[in-house]
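Here the structure is laid out as structure tokens; the discussion comes afterwards.
Naming follows writing order (A, B, C and D), and every chain is counted from residue 1.
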Amino acid sequence: MSGIRTEEVMIASIARMLDGLSHIAVGAASPIPGSAALLACQLSGGATRVSLLGRTSNPTFTDGARELFDCAAQGRIDAFFLSGVQIDGQANINLVSIGDPNKPKARFPGSFGSAYLYFVIPRVILFRQDHSPRALVPKVDFISAPGVSEPNVYRPGGPYALVTGRCVFDFDREAGRFVLRSLHPGHTLEEIKRETGFEFGLPDGDAVPETEPPSSEWLELIRGPVGDEIREVYPEFATRMFGKD
Amino acid sequence: MSGIRTEEVMIASIARMLDGLSHIAVGAASPIPGSAALLACQLSGGATRVSLLGRTSNPTFTDGARELFDCAAQGRIDAFFLSGVQIDGQANINLVSIGDPNKPKARFPGSFGSAYLYFVIPRVILFRQDHSPRALVPKVDFISAPGVSEPNVYRPGGPYALVTGRCVFDFDREAGRFVLRSLHPGHTLEEIKRETGFEFGLPDGDAVPETEPPSSEWLELIRGPVGDEIREVYPEFATRMFGKD
Amino acid sequence: MTNLLASAEEIAARIPDGALLALPPEYAPCSMETIRALVRRGAKDLRLLGVPQFGIQAELLIGSGCVAEVETAAVTLGEQGLAPRFTEAVKQQKIRMRDTTCPAIHAALQASEKGVPFIPLRGLIGTDIAARRDDWHLGENPFGENDPIVYLPAIKPDVSLFHAAKADRNGNVWIGLRRELMVMAHASSAAFATVEEIVEYDLLDDPQTAAGTIPGLYVSGIAQAERGAWPLGVPHLYERDHDHMALYAEMAQTQDGFDAYVDKWVTRKAAAE
Amino acid sequence: MTNLLASAEEIAARIPDGALLALPPEYAPCSMETIRALVRRGAKDLRLLGVPQFGIQAELLIGSGCVAEVETAAVTLGEQGLAPRFTEAVKQQKIRMRDTTCPAIHAALQASEKGVPFIPLRGLIGTDIAARRDDWHLGENPFGENDPIVYLPAIKPDVSLFHAAKADRNGNVWIGLRRELMVMAHASSAAFATVEEIVEYDLLDDPQTAAGTIPGLYVSGIAQAERGAWPLGVPHLYERDHDHMALYAEMAQTQDGFDAYVDKWVTRKAAAE
């Protein structure tokens, strides 16, 4: 099976971080993490529960839109996903605007639930396919949700990793910075340094490992049952990735 | 139609206070007010809504046990009913115990929702068939819910009247005391003074009016459809009052 | 994953001594079969939370010496009168009694459901309930002026226990309009239910049924128990057994009478099955 | 009593200029027919509250100059991209924008539902959302030590507006799993709904249906509007019209294009009916 897409490398990378978790929730505008979560569910034989925002079939929740947030606050959600129009080296994310928020140069949809879920879900995985200095900045223009908090702030959750179209970073919560974990096949450390606007750490040892690409078995799942499931919420993504229904 | 029972005089007295209201709620252990509310609903041609705690048919609420309280707090309930093992002259009610609450001489069920609903429902009608110095006391041993509050306490609701087996009192919120409104047929002012443990005001004018007994039309409603409806929640009361189903 | 348990006995075995145990009132289906199993297993030091009030379910546990503390808005047998074992236990100081009021319990459970440490509530000020609750805080509304309001700490039960008409094999439990059972399950560390029937389809598949269903996500274990709420009722299935409740109310007037009731209806009845 | 209204037009006539108007997101049924009627009647100075986020429903009102202020967690057309009229209105400062986050909206509506002036919420601290909300209060947890927490003031909408699959003649509206619509109705001074169908039985009579029903007590008026959510969808009835949404997203890139869209799909379409 050839022609592995960047999205599929990202899906596999994220799915690996979800192994063994009980309950994964997926928010708005998250087709890649959504696919990763559905893949993790497939790989677990159904033991991993996935709550996919916007899905009408197989509802997890029966108490309305607030339940995702309440459920997370109760500690019943192990992993979630956030992106940002900007992400900085302290894992702050910006989903709102570029420039002065009162008279922005660019305006984006808004913060959704990030300002809450980033605090309460243990394993928040950041994702952003476009890996460029425009996206990965030294300091975000607007903090939708901060990567780290003062020690007295209640915060059982926070950033765990950042998966881009070029590489995977771990987030070191103690040090408050990203550490490069692996380079996607075909990408180089020099490229990452050039395309990343923030400082990041390097892994111990001589070389940066390569991101393990999805096996043919995983690709079959991604392009088969996962693709079918994700189509319900993300029809355009599914068509672009996997063709018409 | 002869042989009007005390309960029926009380039901009629309370129903008169409910005329024109939109929504009346009835709590636990309240068969007499419940019957009055159902009578008011009948008299209104169904325009008055009655929410009867414990009734399974015709539910008003669909958000669980909290909805009665939330609904009241929203200002959507016009009238409610409370009783007390003791009621005092400031309309404080006691539903808990006699003597030291840590080692009570007598213990009763508890305060139910009184400590809340007495504050937020505009027209709370107190009822107590047993009108004796034991029940109507100078000062309650335990305040389940206070009749009056400090001016800075949020309190859109409060006591409106007290209906006993002998008479009807209005409650004067400004003065913080009860004023005798009417004597049930066959009862005298001297008797009320003797049987009431607290001080109360007298109406202007020479004589205390007589409580208007229920008309034969009202009695037909009470003993007919109202009795049928109240039986669902209060089968023993209905059997005692109206005979077997 | 929800455990599919064989009986109420197995649920009772999973409710540890000393647990803060949330139970519904008489009229939301109560798992009386598990209550009896708790009596049989000799549970100790339970702390009972009435959501928001109690009847015979608390009576059986209190009279059997299973209870250390009770927090509730009321304990009553309704038209069968005062709850005799509760009344005596309070008078003899055999249990710690924490009086409260219905909406304070609902609100404090909602606080746990939302993962907030407290929730404010109107009313309450000037009551002897509030005066005797040193765990409540009389604070100010920061958005008002000279506007006192009570702050209630969140209540997070260790276990909530209830009965329902039906569940499925994924642990989803249909509770219909008894929404307080859902708040209890959300707010508690563990939730157990007995049910009249375990159905073979998924209750979440049909949107009509799903709207009244607690997802298995919140349910630690279920067991089938037909007529498991008896002598209480289940809406639309069977009525509260008023005659039996009157029998209980009479027998429980004394501890000896209560013990005879338990012997006949709790201990021996189970042995005969 | 709920008013049985003849059309979405009559609902729009009851939503006053300047109202704080709560609307569901694209995926909980939104009364697009009433949104179009509001554009036709030239509503002014509406303050929109997204519960918790917006799509085309806010776009149509903003682009038509009906809106003074927007409070929402997001505005997006989903897979059809950014919301062009919203984006331009923010950049040109034509509307007051109050950024927030989903759970803060839900919590603030629950506060109104409970009749409390505020509710605490975790998270939020250190965000620029909180830094820019001078109506939020950074306080302390009185039950903790050195434990800061945000206090959110209750939000009480003047009107909430939504669409649903069915209602009955008593004003009861079946919303199934879209429970946030119930919170909106509880929390608002007035609630209006368009529905696909008005049924001739009482939705509260059947306990299965009742569990997903907003009682008429909270509903000021209903009107039938078949396909009233279009181009959005109604779960289990019809899908969001992705092709039409793509057409909208393309036309609305400029104000002229948006005006042409409104002329064709809002103004003229109604005149032709």
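Keep this in mind: a residue touches a chain if its C-beta (ideal position, glycine included) is under 8 Å from a C-beta of that chain, and two chains touch if they have at least 3 such contacts.
This is a predicted model, so every value here is computed, not measured.
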- Item | Minimum number of chain-to-chain contact steps, chain C to chain D | 1
- Relative to chain B, which chain has the most distant C-alpha mean position? A
- Message: Can you compute the centre-to-centre distance for chain B and chain C, using the mean CA position of each chain? Integer Å is fine.
- Response: 28
- Task: Report the inter-chain centroid distance for chain A and chain B in whole angstrom, where each centroid is the mean of the CA atoms.
- Result: 59
- Note on the structure: Chain-centre distance (mean CA atoms) for chain B and chain D, in whole Å, is 41
- Two or more other chains are touched by the chain D residues 107, 110, 114-116, 121-122, 147, 149, 177, 179, 182, 210-212, 235-236
- Message: Which positions in chain B are in touch with at least two other chains?
- Response: 59, 61-63, 69, 73, 120
- Query: Looking at which chains touch which, would you call it a line, ring, star, complete or other?
  - Reply: other
- Task: Provide the full list of chain pairs in touch.
- Result: A-C, A-D, B-C, B-D, C-D
- Message: Please output the residues of chain B touching chain D within their complex, sorted ascending.
- Response: 23, 47, 49, 58-63, 69-76, 120
- Message: For a test of understanding, state which residues of chain D touch chain B in their complex under the given definition.
- Response: 1, 112-116, 182, 186-187, 204-205, 210-215, 217-218
- For chain D, which residues are in contact with chain A within the complex? 25, 27-28, 51-53, 72-76, 78-79, 82-83, 86-87, 90-91, 93, 99-104, 106-107, 110, 121-132, 146-149, 177-183, 235-236, 242
- Message: For the complex, give me every residue of chain C touching chain D.
- Response: 107, 110, 114-122, 137, 139, 141-144, 147, 149, 151, 153, 175-177, 179, 207-212, 235-236
- Item | Touching residues on chain B, where the partner in the complex is chain C | 28-29, 54, 56, 59, 61-67, 69, 73, 95-97, 101-120, 142-146, 149-150, 152-154, 234-237
